[in-house]
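Scroll down for the structure; my scribbles are underneath it.
Chain naming follows the written order as A, B, C and D, and within any one chain the residues start at number 1.
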Amino acid sequence: MFGHSDLPLNRDASARFLPWIIGFMTYLCVIAVAAGLTVDRVAERWRQGLAGNLTVELPFPAELETEKRAEQLDQAMELVADTPGVTGATVLEDHQIAALLEPWLGPDAGQLDVPLPTMIAVTRRTDAVIDLAGLKTKLRQIVPDAEVDDHGDWVADALGFLRSLQALAGALSALALGAAALTVIFVTRTGLATHRGVIEVVHLIGAPDRYIARQFQAQALKLGILGGVVGLGFGAATVLGIGRLIAFSLDAANPGLAFDFRLLPWQWVVLGALPLVVALLAMFTARRTVLRSLAKML
Amino acid sequence: MFGHSDLPLNRDASARFLPWIIGFMTYLCVIAVAAGLTVDRVAERWRQGLAGNLTVELPFPAELETEKRAEQLDQAMELVADTPGVTGATVLEDHQIAALLEPWLGPDAGQLDVPLPTMIAVTRRTDAVIDLAGLKTKLRQIVPDAEVDDHGDWVADALGFLRSLQALAGALSALALGAAALTVIFVTRTGLATHRGVIEVVHLIGAPDRYIARQFQAQALKLGILGGVVGLGFGAATVLGIGRLIAFSLDAANPGLAFDFRLLPWQWVVLGALPLVVALLAMFTARRTVLRSLAKML
Amino acid sequence: MILFDGVAVQYSAGPPILHDVTFTLAPGSFHFLVGRSGAGKSSMLKVLYLGLRPTRGTVSLFGRDVASLNRAEMPALRRRIGVVFQDFRLIEHLSTFDNVALPLRIAGVREAEIKKHVTELLSWVGLKDHLDALPPTLSGGQQQRVSIARAVIARPSLLLADEPTGNVDDVIGLRLMYLFEELNRLGTTVVIATHNDTLVSRFSHRQLRIEDGSIRVFDPRPMTAYPSPQGTMGAPAATGGPPTGPVRRPGAAQ
Amino acid sequence: MILFDGVAVQYSAGPPILHDVTFTLAPGSFHFLVGRSGAGKSSMLKVLYLGLRPTRGTVSLFGRDVASLNRAEMPALRRRIGVVFQDFRLIEHLSTFDNVALPLRIAGVREAEIKKHVTELLSWVGLKDHLDALPPTLSGGQQQRVSIARAVIARPSLLLADEPTGNVDDVIGLRLMYLFEELNRLGTTVVIATHNDTLVSRFSHRQLRIEDGSIRVFDPRPMTAYPSPQGTMGAPAATGGPPTGPVRRPGAAQ
């Protein structure tokens, strides 16, 4: 009996239209959510890679002998390693510094006959608060011009920027879902208006509201899944494509700095669930619209 | 007579729905076009600022006396200035180099007791082809380790990336316009189906096709303008907001490198024309849909 | 069965259509509803099939005060009422068969039974060759007969027919009247609104007469002998009488 | 005026409805179109108002072969034909007044003239109090009268009416017939499809009888005296006769 449908909903123009709009909205949603997730990964890495780390610069006077220099470096390393919260410290080799400077000084930065400051990369526990001023004072007792930099301001700004991007992605997803729901409401209302005569008759013959709602919600679920899957397909292709493109461009530009923009497996699962979310949204929106409209209409 | 409408199109659910969808599509279009235009400006600046320029590095041996050094620098400057296509050459002061290095070495880079290579920033005519290898050979006769860098590969890659972004923005605009047209087609077809009975009667009474098309196209134009203006409003606000946000974030992060993301007046005119484009698209789509459908239908 | 007490009917914008209507229709009775065009016949029927709430007064159907019904209770009540609308209201994309089967499907009758009864009834009203036709491809009179078949297929407790013979010729009109009388004999209360004076005078049933917004019950029987329907119309020999619908009466489920 | 030559009509899926139909209707003639329900009366009218192309044969209207008309020429021809549809086909969201005014508006008549003629005609069919009513708020008979008013308002050269008295009582039916005859007297060719035997026998016009898919012209006049319509029906004293529509006949523009 329920396989039987009194309303020719699948012959309405909306049957061909709705999947496209839902597909487009799902597409936007997939892109926005993927962007949000990627930004999340980037932000995480920045926080761990930069906010987590300190850099200690030891600009030894040029006239200092190598022996003395090594001794002072050892003292500094010990001091740093003993500071509470620090988990590791490495002296950066000249070529590592050169790599950092390469975009600015060209590929031969390493071979330049330029004395670079000795630098120590310090890793720390993310939650640890380190007394930077104290550390600096102590270091200056060893090397007078020593500097400690936690890149704090810069990272905070950059993270703030990334968070804004994420908020934007979130807003776009919400907008897309909202537009999808709005479209379903419209299509359902149009359907109710188009088939008003039939609905009235079916009602007068004794069909309850849910008998009619069932036909609309089944249709919305069907079209929602169709549109959602199409949107996910195009969306996933775009996400992969853009990821590849960015990776390629950044890699070509700065081989040393390239980020990994690929999404993690669980992030793909999140994206894969979007069509389902959209389809269920469509279904419940349709059901609610029908029941509310019928209560007003008849 | 033509003020009189036989079809109650403005009472259809689509009258409330279409402006939102068209508004949303216009919104996307505005954002995408604005992004494309901004990228255009950035790319232009990069091309002029980097591709247009050369950097000459003169790593003087540390033991060279200041006098000799100045003499060699003068020779190099002369050589560079006389090279065909070069329009200017400036010796970068130490603090300018330090500013470039600041993100990497911290705010005190300038005060570091580190000898930096002497650098000459060379500007040239954009269309000029400079014999880099020849210049380098000649420079090496003055300073043995001299380097000439035109940042060519990096700029080409970066520009390629920007062009991909632009293509993406273009594709998104096209997609949004396509979705808008598709929606108008759908709404028009729904309208034709909903009012099929009325249309048949009006036809049998002797109204020609254009009498009916006129009512649909007027409605589509009206709703298109409404939606387009709404979309432009939100879009412009978003563009301004994002521009401010990016400028603020970048400025806070790298005071020296901040780009100007504001659009030029003529670019705002382009954006302002979008609602009109969308509304006309809606109108002609509606007209075409009606005339084609009627020829098939009756 | 049906009880009107001081009922007034008025559409939101406009003068009152009916006022101070009080009468009782006994279960199993048969009434014509007559009156000039625009008198309020269809409005009266609309009140009876719960399509219009009276402005004032009490309407009671099957022993229930209509005003006290909530939305969820209406479908069950409506399934006990069969309606032939003046403008047919067939479902355009469903075949003749499916239109007539609809009340049975909504009531949950088995497909096999549906097939048997619907086919039988449609043959009887002369639409055997149009089972699969869609309503827009039927002639006016054929549509009217489909609409009548849909109203009677579930053997309603109450049958309301609005001008059910306006689009058919006299031969078919008599045949349809015979169907209504057969249903009435099986216990259905019947109310038929009509302009067809020939029909009204030929069948001397009680009449509800609408005049100037009030209703008067008129009983012609004391004056004329009650004619046997079979005698008047001649039941078709082939089927031996109109079909009586499915055995399980959907309305009885509640 | 109207010429059928070997015409056959058949809907895509189904048996032929009409075959080998040949007849001529003189300009200014008046015909009833009779036949059983489903015989093909409405189909016949559909061919006449260019709503259906015959499967075979030639139909000529106003001296033009219908088959040779292209899409752009049809509106002009249609404006010379008034149709009363069996199911009325009123435009639901337009008031009674606007529905009736529509043919004049499409033909480009001035509003002042429209107002005068539409109001006059609607008064004559008894709808003076319903000028602003929407069709769904009218009774069945009222809708039928609006539909008739719309068909005759532009004084068509050809009037086709399908069962135009099926939803009104006899008094109004006669009044409507009088309107058709008045229009006929002014030169309109009239074809009325009907089941109403009383009406057909009362007015002894020529009959087009459809039987078994073919059409026979039957002329009752040699047998009965031609009655004067005024004498038979009594024109309403108040208006002195039905209104005759706008002076500028829209159809004449072509």
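Worth pointing out:
As a convention for this text, contacts are C-beta pairs under 8 Å (C-beta built on N, C-alpha and C of every residue); 3 or more make two chains touch, one makes a residue touch a chain.
The model shown is predicted, which means the values in this text are computed figures rather than measured ones.
The set of chains in contact with chain A as well as chain D comprises B, C. When every chain is reduced to the mean of its CA atoms, the largest separation from chain B belongs to C. Centre-to-centre spacing of chain A and chain C amounts to 65 Å, using the average Cα coordinate of each chain. Centres computed as Cα averages put chain C at a distance of 31 Å from chain D. Each chain gets one centre point, the mean of its Cα atoms, and the points for chain B and chain C are 70 Å apart. Residue positions of chain B touching 2 or more other chains: there are none. Shared interface positions of chain C, defined as residues touching 2 or more other chains, are absent.
Contacts between chains close into a ring here, every chain touching precisely two others. By the definition of touch given earlier, these chain pairs are in contact: A-B, A-C, B-D, C-D. Those residues of chain C lying in contact with chain D across their complex are 11, 14, 36-39, 41-42, 86-87, 137-142, 162-163, 166-172, 195, 197-198.
Within the complex, the chain B residues that touch chain D are 1, 4, 6, 8, 11, 197-198, 200-209, 211, 295.
On the side of chain B, the complex with chain A involves touching residues 12-14, 16-17, 20-21, 24, 55, 57, 59, 61-62, 100-101, 103-106, 108, 111-117, 145, 147, 149, 153-154, 157-158, 160-161, 164, 168, 175, 179, 182-183, 186, 189-190, 193-194, 242, 245-246, 249-250, 252-253. Interface residues of chain D facing chain B in the complex, by the touch rule stated above, are 49-51, 71-72, 75-79, 83, 89-94, 102-103, 105-108, 150.
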